[in-house]
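Multiple structures are listed underneath, in structure tokens.
What follows is chain A paired twice: with chain B in the first complex and chain C in the second.
And now, the complex of A and B:
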């Protein structure tokens, strides 16, 4: 693009209406280059795992993999909203723990139906998310500081609910989200299918609704967003609220995929898996760019690596090594691209 | 652009009128008295020195500030502008000097963001695509740019996108805040073509610029502000660059350093054909020991960039720099420091101070290694005594050297940052906008400190866009315009002569 091209007198203006040809292209393509790379990496990994551990490419192996992907990708959808606004939420691990223990204890002591358990978890998660959202949007404190603080608070409350023992004898109310036969429809885990539906709605919202585009604007340049009349604070608050609600549902998925006993390790480190999925999926940690498709692919990749390492019989810490390398590659290319652009 | 424009122009002489505007911040009068009126379809330039009240007046029109007194009329009808949305509703749009855009979003999205065209709960991309072509055409951008992320465009193109964004909001009054400061000559040509196209459709343009020469190309009328008052409004053809400069500065004469000070020392800094591509070209001058050289330039002139290269923050692309007779290539600030150069940065909150640290730490931070004979040990007592010494010498007003710098007024904070450069008497001291945002009393004191420092034998280079300041403290004044030294003056020059040279009056160059 040189100036000369434009200082020349404009040729007779193109016929009006020719714009429709480019109408769709106001937006970038629905699937980006990075997402194709991710799909490629996942395919290569699955093929390699299929060759070296023939049991990998069977329903008995893939179904549990998808069950483990579901909560990470589901919460990752909310985290994508947050990171697009240039925020972060490191409290989701603590929030999962609190939602899970409250729902588990309630199910043990009261005979509540499935819908009641889910509603309780989602409502509690929403409240926890809004606590973060209000403090970050209206208190104007850095998101990482606030959520680091609330992570500890949520854990404290969760441990109080646990008391000194594990929660035992959890009824099978949530088995519809679980690993077993009851948790599948046509061979597909229900939790994974629900996650895909929610991710699809979120994808559409981020891409085509004004409210979704405003999240990108906020992450790209908060001040400019305010100048064009975007209500920045409520939008930011809702992104954290949404994540909280998804944490509630995700906690149900996690409960369902476990045993009848819940111990204090639930949710531990989940925030890192979720953030890893979002970042590997190509959402910029600097804000303003990102996609739900990438996040779902990122979650599949992270869980494939974890499950693959186990199935190959390798030491489990190798999974951390590989996930770490993927994060560094993803964030590194993002930062290098940003730096190159600033220089240009 | 708006549909009601034709009828409105028929009934009212002025699109926008401001009468008897007064605005104070606390006890400070930003605007004592302002009258301003712009006709439909014209370009009205607003000029004045820094602090004359231009930006306050613009903020009042944009609704970002509310005047204490005065009336505002739009198309002949008296109205009130109580918020930015009131102003936008009237059709006022502002294009700020730094483009307020979203780098990751496409050009088309940037133009419509905040006022998306919607269809059934979603953004109507097709309708936006249909409209974007006309808007891009008006601002002189090609169609295919519509889908590119704004972050990949040049600054000039981003500014055109900002104008397109303003037009999408049905602008009838467009405020351009120093649009040319960041543009090259050919880019300015494009901008002017765009402005003419807009005025032809009835848009009124308020054009703020420091480059007086370009007003004669683009403006119809000019309003000059000085000390918070609108001095005059005249058709541009009735004035010359020199006359506008005279109106801007008034008849004020600045005191200057004693004649002949600092002309006898040996040469400390010598620049020969120093060039940094795109910023400045073939800069040659020398600064002697005991001499204060003032480098005066308007925003975007490149004067600040010269200081950056001397201190090693940026690299020169060609040319040489000599320090005390030796060729030096300063690659980084730590090296500049080692060879005896100190810099007082312009943006002191970002580049100059450690906000939450004490005054004393802020003073000694550059010399921590020299505070004790034991390597690595910082002597608290030495730190305290150096800090107390400087607080006395520079008359810093503070109860204790332990106060954090963030608790101090601008003038006092600036003295602290200045003190840091003086812990070891520098061979060459470079000061960038040393008194920006500092009150009058502190300004005098800082000038005295700089003057004393030169008398003690340091070579001093002051980069400033403050006309009074450059005349007051310099032994020699170099005017930088468009990356070149346009003229050289003695402190006996008048403000008018210097401003005219900096703003592009061709005749004044022959004076040098």
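And now, the complex of A and C:
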């Protein structure tokens, strides 16, 4: 009873109907300032590239760009959940490699339908994600250490499955997610559309569902979150499990946009591309703040820069320079903002 | 609490940075499929080969050739490499073979400069030292078993593409590592040879995709969009050769944009058959492994190489240049839709 009284709103507080008004005041704007900046940067870049290259702003150029964005942004949605809880997952590259090789080998040896391939990938990804989640949530070890370890484990298993050779002659089962004609509906790449739908659901969940708000609370202050009765461990585990499932679907996207041969370079470095998209998108690496809209925009920005550098005929390494600068600016502004807030 | 969190965040970023820089080196070498671990002792000549990395079709095919040679020549063949193209992990394997006191040691060095002192250590112990696939020119190696001359590869890549393009038009190269010496040497030949032999053709752009198929594919797509006149694409390594062909196929430009590249037969087969790739340039990798094993045996038995050598029915008149100590496998192999099915790697 005493607890009840402590947590219950003061008797003078407004009735339930206007409670949502209070909630609206607490919630950040649907689209944050950093996201407007990102949209502005992307628009400016697209216009400039449209002026200075013959074909950047054509369907033939934008469609493949969106296909390349899809897996990074998709996995980035899960990574946003994780980083909001002040965690990180550097094992997604290894997990992509394992999911991709298992699905590719299965497709080569049995005539598995599209839905079966996707289900297999998502199920395997979910298991891998839950391994991370259980170890981090219940083992209480720093996420970067655990996922660094599992990254190597996943790579080990993937290399075992590869068995010292590439996977050749992968059938075109997954072409609905690919770069070709079969991969588009009304001109929009299917993989990108699926990613947008999932990102939209995730955006709603993070913003309006209690479970989503709990993730922010955990990232803001884990102990405080635990004290107000949030089930911290299941929530954290779920964030890693979700990322794993999205890695599975993302691996299908990556297979579809690859060639008929899969080699062991698949997934290499993808964890850093995903983290880059999340960080550039304005999600705080300290946890407690972030949004999937920013992550999707971050992924689009990174791919725009990479494609743009190639289409302008500039040296390839400039893409690394620009992405590096974006990351430093994004993390820098976040830390400065955090510092200002602490002082205030 | 604040400082703890900040320390964690800084640590996280630092670790991520370390991962980027050393991502490859963290994986350690796994044990290979050594045909026999009884290195010395039974009196047989033992030839060990350390590839740049193990588990890719290219070096597995070399291993197959070496095994075949071992059976036919009555030697013991050992094969082990790192699981990533990492110089330090490779050095560990070389050290272990030196300890096993093999008769001949063949290395395809990831980093020729750092491998040189180790090769000297081996030679000081009386082990015959060779390089194959990739040379370590400033080392004590006695022979370099060369798959193909730089000119041979560069000219074959250009000739095959020009045949498809009709000898004129713009083309671009999707290369891999920016610092890969062999790729860069081929590209130099392609530039010079195109300018001298095909005056109506022009190499417009060179981009670098790393060893990443997906990156090679999307860069090839970008190049086609950026240069509407582009008529040809070269995939300079085994990951970008299928990558550029896939890009042409996805864009529906088979017959308008032509590609060739350095690809292994099995990975190129679908593209050669649907016309998105016109040809793949390689060398007979199994024969390269065979030749390396044979050469190791010759040196271990104290024989010297002649100016031309007949190894077996397949390998006749193999040229040896005693000044540069290079044994040359022969002309590059041109793989097309007609012969691609005869290779099983």
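In this section, the second predicted complex is superposed on the first by the 320 of 344 C-alpha atoms of A that agree within 3 Å, B and C clash if a C-alpha of one lies under 4 Å from a C-alpha of the other, contacts with A are read in each partner's own complex, and residues count from 1 in each chain.
The working rule: a residue touches a chain if its C-beta (ideal position, glycine included) is under 8 Å from a C-beta of that chain, and two chains touch if they have at least 3 such contacts.
As the structure is a prediction and not an experimental result, all values here were calculated from the model.
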| item | value |
| --- | --- |
| Partner chain in contact with A:313 - chain B first, chain C second, else both or neither | second |
| Which superposed partner A:229 touches (first chain B, second chain C, both, neither) | first |
| First (chain B), second (chain C), both or neither touched by A:289 | first |
| Contacts of A:221 with chain B and chain C, given as first, second, both or neither | both |
| Touched partner set for A:28, first chain B, second chain C, both or neither | first |
| Partner chain in contact with A:109 - chain B first, chain C second, else both or neither | neither |
| Superposition-derived comparison: chain B or chain C, residues of chain A touched | C |
| Partner chain(s) touched by A:165 [first = chain B, second = chain C, both, neither] | second |
| Chain A positions touched by chain B in one structure and by chain C in the second | 221 |
| Complex contact set, residues of chain A against chain B | 1, 3-7, 10, 13-14, 16-20, 22-28, 208-210, 213-214, 216-217, 219-221, 223-225, 227-230, 284, 288-289, 341, 344 |
| Chain B residues within the chain A interface of the complex | 84-85, 88, 100-106, 108-109, 113-116, 118, 121-123, 125-126, 128-130, 132-134, 137, 140-143, 145-147, 149, 151-154, 156-157, 165, 184, 186-187, 189-190, 193 |
| Interface residues, chain C side, partner chain A - complex | 1-2, 5-6, 8-9, 11-13, 15-16, 19-20, 23, 26-27, 30, 33, 54-57, 60, 83, 178, 204-205, 207-209, 211-214, 217-219, 221-228, 238-239, 242-243, 245-247, 249-252, 264, 266-267, 269-271, 345 |
| Sites on chain A touched by chain C in the complex | 53-56, 58, 60-61, 64-65, 68, 86, 88, 90, 142, 144, 148, 152, 155, 159, 162, 164-166, 168-169, 178-181, 221, 254, 257-261, 263-266, 268-269, 271-272, 275, 285-287, 306-307, 310-313, 316-317, 331, 342 |
